[in-house]
Amino acid sequence: MLEVEGLVAGYAGTPILRDISLRLDRGETVGLLGANNAGKTTLINSLSGIVTPMAGRIIFDGRDVTRATPMQRVEMGIIQVPEGRLVFPEMSVRENLLLGGFCDRARPLRPRQMEKVLALFPRLKERLSQPAGTLSGGEQQMLAIGRGLMAEARVLMLDEPSLGLSPLFVQYIFGIVDQLHKDGLTMLLVEQNLNLTLRHAQRCYVLERGHIAVEGAAEVVKNDPRTRQAYLGL
Amino acid sequence: MIKDDFFKTLASPWLWGIVLLGAMLPMVLSSYYTHILTIALVYVALASAWNIVGGMSGQISLAHSLFIGTGAMLSAALLVKLGINMWAGLVIAAATAGLLGAIIAWIDFRFQLGHLSFVLITLAFAEMASIVVEGWDFLGGASGLLLPQDTGNFLDFQFGGGRGAFWVMLGLATIIVLVNVAILNSPLGYYLRTIRDNEKAAQAIGVNVLRQKTTAMVISAVLTSIVGTAYVRYLTFADPYLLASPVITIEIVLFATVGGLGRAYGPALGALLLVPLGEVLRGKLGGAVPGLHYFIYGIVVIVVILATPSGLLPLFERLFWRRSRMLPKI
Amino acid sequence: MSELWQALAQGVFIGSTYGLLALGMGLVYGVSGVVNFAHGDFISLAMFMCLALFSAFSLDPYVSVLITIPVMTAIGALVYRFLLRPMVGYKFLMVVQLTLGLSLVLQNGILMIFGGQPARTPSIVESKLIILGDVVLRLAHVIACAVAFAMAIGLYVMLRSTDFGRSIRAVHQNAHAAALMGIDVGRVQVMTFALGIGILAVAAALLLPGTPIQPTQGLQYTVITLLVVVLGGMTNFVGIMLGGLVIGISEAMGTVYVSDTLGRLVPYAIFVLIMLFRPQGLTWRAS
Amino acid sequence: MSITRRTFGIGTTSLVLGTVAAPWVRRASAEAAAIKIGVINSMSGGLSAYAQEGQPALEYMIKKINDGGGIKSKGGAKIQLIQADDTSQPARTATEARRLITEEKVQLLTGTILSAQMLALTPVLDELKVPTLSIWAGGAHSNYMFSLGYPYDRGYAQTMHDFIVSLRDNKFPIKTAVMSYSNYEAGQQVNSFLVPKLKASGIEIIGEAPLDTRAQDQTSAMIRIRSLKPDIVTGLVTPRDGILLHQARFNLNYHGSIFVGGTGGYSDLSLWKDLGPEVGKAVLTRNLFAMTGFSAGAKIDSMQKVVTELRDVAKLDRIGQGAIQYAQAARVLQRVLEASSSLESDALLDAFKKFDMPFGDPDLYVAKPKGLQFADDRLLKDGSAMMVQWLPDQGQEVVFPKEFAQAAPRART
């Protein structure tokens, strides 16, 4: 469904990612692992179109989207739930969700999607008119995911969903991930938390300083010694 | 404490060569062009003095007309109204300006003003100061003050106008640019940049923000006031609408920014290019269509900014890379 | 006592137009971080457009506004697209200087076309008075005040409950996240700048009756607008209208009750005091 | 986008160079024998209204002089005007004067040159010694400066004072006054002379309502005046502040005091246009007397003639104080050049000092019962002006001084 070939990307002319190739099949949950500064966020931003690739191709649903703008990608259904949630703090939960369904494709479906999201996260329903900035970290993460779902995501990319959450909330969020997987959503899980990701993803890629060090089924990655190496930076 | 780079600059034949060459210009130029260069040097000095706060520590002060006005109007009033020698007036005015600067720095720190609040509060101070000056008889009111003729008596702070004034301004401008170089090569410069880039982080690593900001503001205010006194002596007419109006600060900030903010030679470069451009445009076109020269000047400013959005100095460095290495890069 | 009411009325009317002038600037600042020093000159531009329309077609400013709104909006969009957008990412102050250059161009362009003498644009309401006992109100003022508040409310509602409004607020609160929602940040910035300039067309028509205009007036409008915007807390429309009222009323009170030229100090002094003790502006919620 | 940044840059650069070069090209063809007069005006900036009104009248008059054979005592030399713009900033007046004198080699200087500009010019003129005729200044400080403006003291202040006293003698009840003047240098200066004069004549000053020259509305100042309810409101008011002041008076529907002021802000014919006929009629024709140097209604033939000529022949659309002063300046410069023994600075200076244009001279356009001469302070010896009252048909009637008066002052219509 989403394919990346030979991607090179970075900031201000300095490449951070070198020759990345990866693939997401329909309905799959794929983990993207790596230590800090391995280039995970740069990669996910390249997929969202925030960072323009210097070389390589990104193919979505058989279409080359390498040069597509962030807006066009959202329109196609490539949705990012950014690291640190980045909810709009001065807007209510409802408004945040409405903005999630801002793109032309999702806009007519907003009432229906809203119902779905609120069914998935009953907590949000109670807080609908509360400013997002007053929510707890876990609730904000729910909102961020809910906001991503509002766009009728076809690929949902979650950037560090466990970051800064209590273990209980982490459990909850990954429970949601499993449920979404069951519903057939294609997902890219970008995580630092190795074991957690390996438990919830079918396949994984391990990034190490800008290139893919290990790839394969979760079990394979788990047992590959290079995975630990990539993490420890050895 | 000051880094070797500063002394290298001091010993640089380039620096003194340019200054000496500049000093010889009035010998070959007519009195009109000498005058234009004198004005340009006034703005070099003012923009460089402003740069110490506006460029280095990132406090965009629009209150500098307060310091210029203090240096100019106060020393002029002391001379005209009380007969106080202008050298003494210069010192009194500079001390007053330094005190005003310290107060403004303290207010900024005490009330933790944001960027834009600081800009606007200093603008409000400047507006109030100009209203007070225009309404206060001692400072000449709206009519201003006429100084006695400049007969070249050095003891009375007179330099004989023309070339004399040019050399005084050249000296002042050189000193202030060198003060910029010195600060950038000293712990103060380092602290100021740290504060500019992240005040909280600076505080966290133990920088005394109040002291560093105050030091910068006081140095800037004192230097600005001295230039104000020298400028009014040259003009002979202390005009409140010029010397105590926020408009002059806006011009200074324009030169400093277009030249290259926070750099030692940037503001000087901006003033040296833009002031003569404005003067010559006005001289050539002022009699033609009213406003045409300003119109073109405005377009030039826009084009320059769009062409080199980080300032003229970086552009010049790119163009004359070899030569700029002779002058220590700051 | 009637003087107090009269002064208060004057302050409210002037203040509400200040607020109206400032709404556009607050909007633009919130979305693209631009402090536009040519703001006042855009007001001038709109006013002189009304004058030109009167000279050519005898149009009343209240009618001309139908033409000046789209024209000013288009000018705003072009200015943002071709002058300000290339500056995104460079120093804040450099952008300010660019708008100063623009101010020189606008002011002197107007001077070249219209000359420097004060000019009047007649309007049907310019000589209409409403007399309430000792207090005399100008119809033009009353209309201006009403429209100013109506527009402030309209903008508020637009920001709250339309998708366009929400996208503006999203860009203001987090441009990166807004892009991830599929919002075209650049387009939102162009449109808000255009809207901010378009509002000035309305303000210009409201201010015109009974006000002689000159090309040089721009900077004074800019300074007042800046004070009001900062006082209002930059992006909060309620705060901005309030800021306008504070400046307008203190200006009127200062002139009426403080003798000599010192009366002019009052609005600035009040501004400084408020800013020192409420640095985030007049809005009550701390940021 | 077809216009790149580079081509835009080149385009504007060549525009700049082209326009910079234009005056040079033009100069090459100028006549050799011409007498050069530098004209420093505030063509842009806050004071641009004055010069923009007057400059066309000056140009018209100089062209007329040139067409009439130039300066006859100098072999029919033509006068060439070389213009400069000081952008309403005195420091730049000095810069432009230096340029005109040293680069353009002008023999005389003239222009609006208000008092602050005169002060700024002082060191330049003391150094370069070129006689200068200001058209509007109320003070002159260098030996080389002369002015056609009303002196602050014996011009503005004395005229307004004398008129106010004469009103009182005419049974107008006048005991109290509020000083309302444009708050800039001339306004403040006139006020400082007028206040003691009024006090000496037994009029109590009960308050001040200075007009902020940058304000867009003077209603607040008028509220202050209304609350003080003085018998008289007086002071020097610029044209723009005048418009705002009268508009404010209309806004408050206030007719309780008598307004006596000048010059442009009370007497310019353009006030009707600036206020609109309805407002103009309501405030100008009621309880208002204006100081002016000329009036279409005054019984002076030469003045009537020049007004008609500027209107019908020169086709000026705005004939106020400015136009007449500039036209007068052209005639003064012509006479000085004719009378001067040479074009050297000392000779010209001498001609200025001996200048005399008696009352009744066909070239005397301003109302001076004793004619035009310069006193030792190089300001007009007879600095007096007239007071007029407005008629509903937008005409004026002179009411003071007696020499020119057409009607008695009346309070209301």
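The letters A, B, C and D name the chains in turn, as written, and every chain counts its residues from 1.
Keep this in mind: contacts are C-beta pairs under 8 Å (C-beta built on N, C-alpha and C of every residue); 3 or more make two chains touch, one makes a residue touch a chain.
Computed from a predicted model, the values in this text were never measured in an experiment.
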{"item": "Chain whose Cα centroid lies at the greatest distance from that of subunit D", "value": "A"}
{"item": "Middle chain, criterion being Cα centroid separation", "value": "C"}
{"item": "Which of C-D and B-D has more C-beta pairs touching across its chains", "value": "B-D"}
{"item": "Averaged-CA centre spacing for the pair subunit D and subunit B, given as whole angstrom", "value": "36"}
{"item": "CA centroid of subunit A to CA centroid of subunit D, Å", "value": "74"}
{"item": "Subunit B-subunit C separation of Cα centroids, rounded to whole Å", "value": "32"}
{"item": "Numbers and ranges of subunit B residues touching at least 2 other chains", "value": "134-135, 290-292, 294, 299-300, 306"}
{"item": "Residue numbers of subunit C (touch at least two other chains)", "value": "108, 111, 115-116, 215, 260-261, 264"}
{"item": "Listing of all chain pairs that touch each other, if any do", "value": "A-C, B-C, B-D, C-D"}
{"item": "Partner subunit A, residues of subunit C touching it in the complex", "value": "163, 166-167, 169-170, 173-174, 176-184"}
{"item": "Subunit B-touching residues of subunit D, taken from the complex the two chains share", "value": "5, 8-9, 12, 15-16, 19-20, 22-23, 39, 43-44, 48, 52, 82-87, 89-92, 94-96, 98-99, 102-103, 115-116, 119-120, 122-123, 126-127, 141, 183-185, 187-189"}
{"item": "Residues of subunit B touching subunit C in the complex", "value": "54, 60, 107, 111-117, 120-121, 123-125, 127-128, 131-132, 134-135, 246-247, 250, 253-254, 257-258, 261, 289-292, 294-295, 297-302, 305-306, 309-311"}
{"item": "Touching residues (chain side subunit C, partner subunit D) in the complex", "value": "3, 6-7, 10, 14, 108, 111, 115-120, 122, 126-127, 129, 131, 136, 138, 207, 210-212, 214-217, 220-221, 251-252, 254-257, 259-261, 264"}
{"item": "Contact footprint of subunit C on subunit D as seen in their complex", "value": "43-46, 48-49, 51-53, 183, 207-210, 212, 214, 216-217, 219-221, 223-224, 226-227, 239-240, 243-244, 247, 250-253, 270, 273-276, 278-279, 282, 318"}
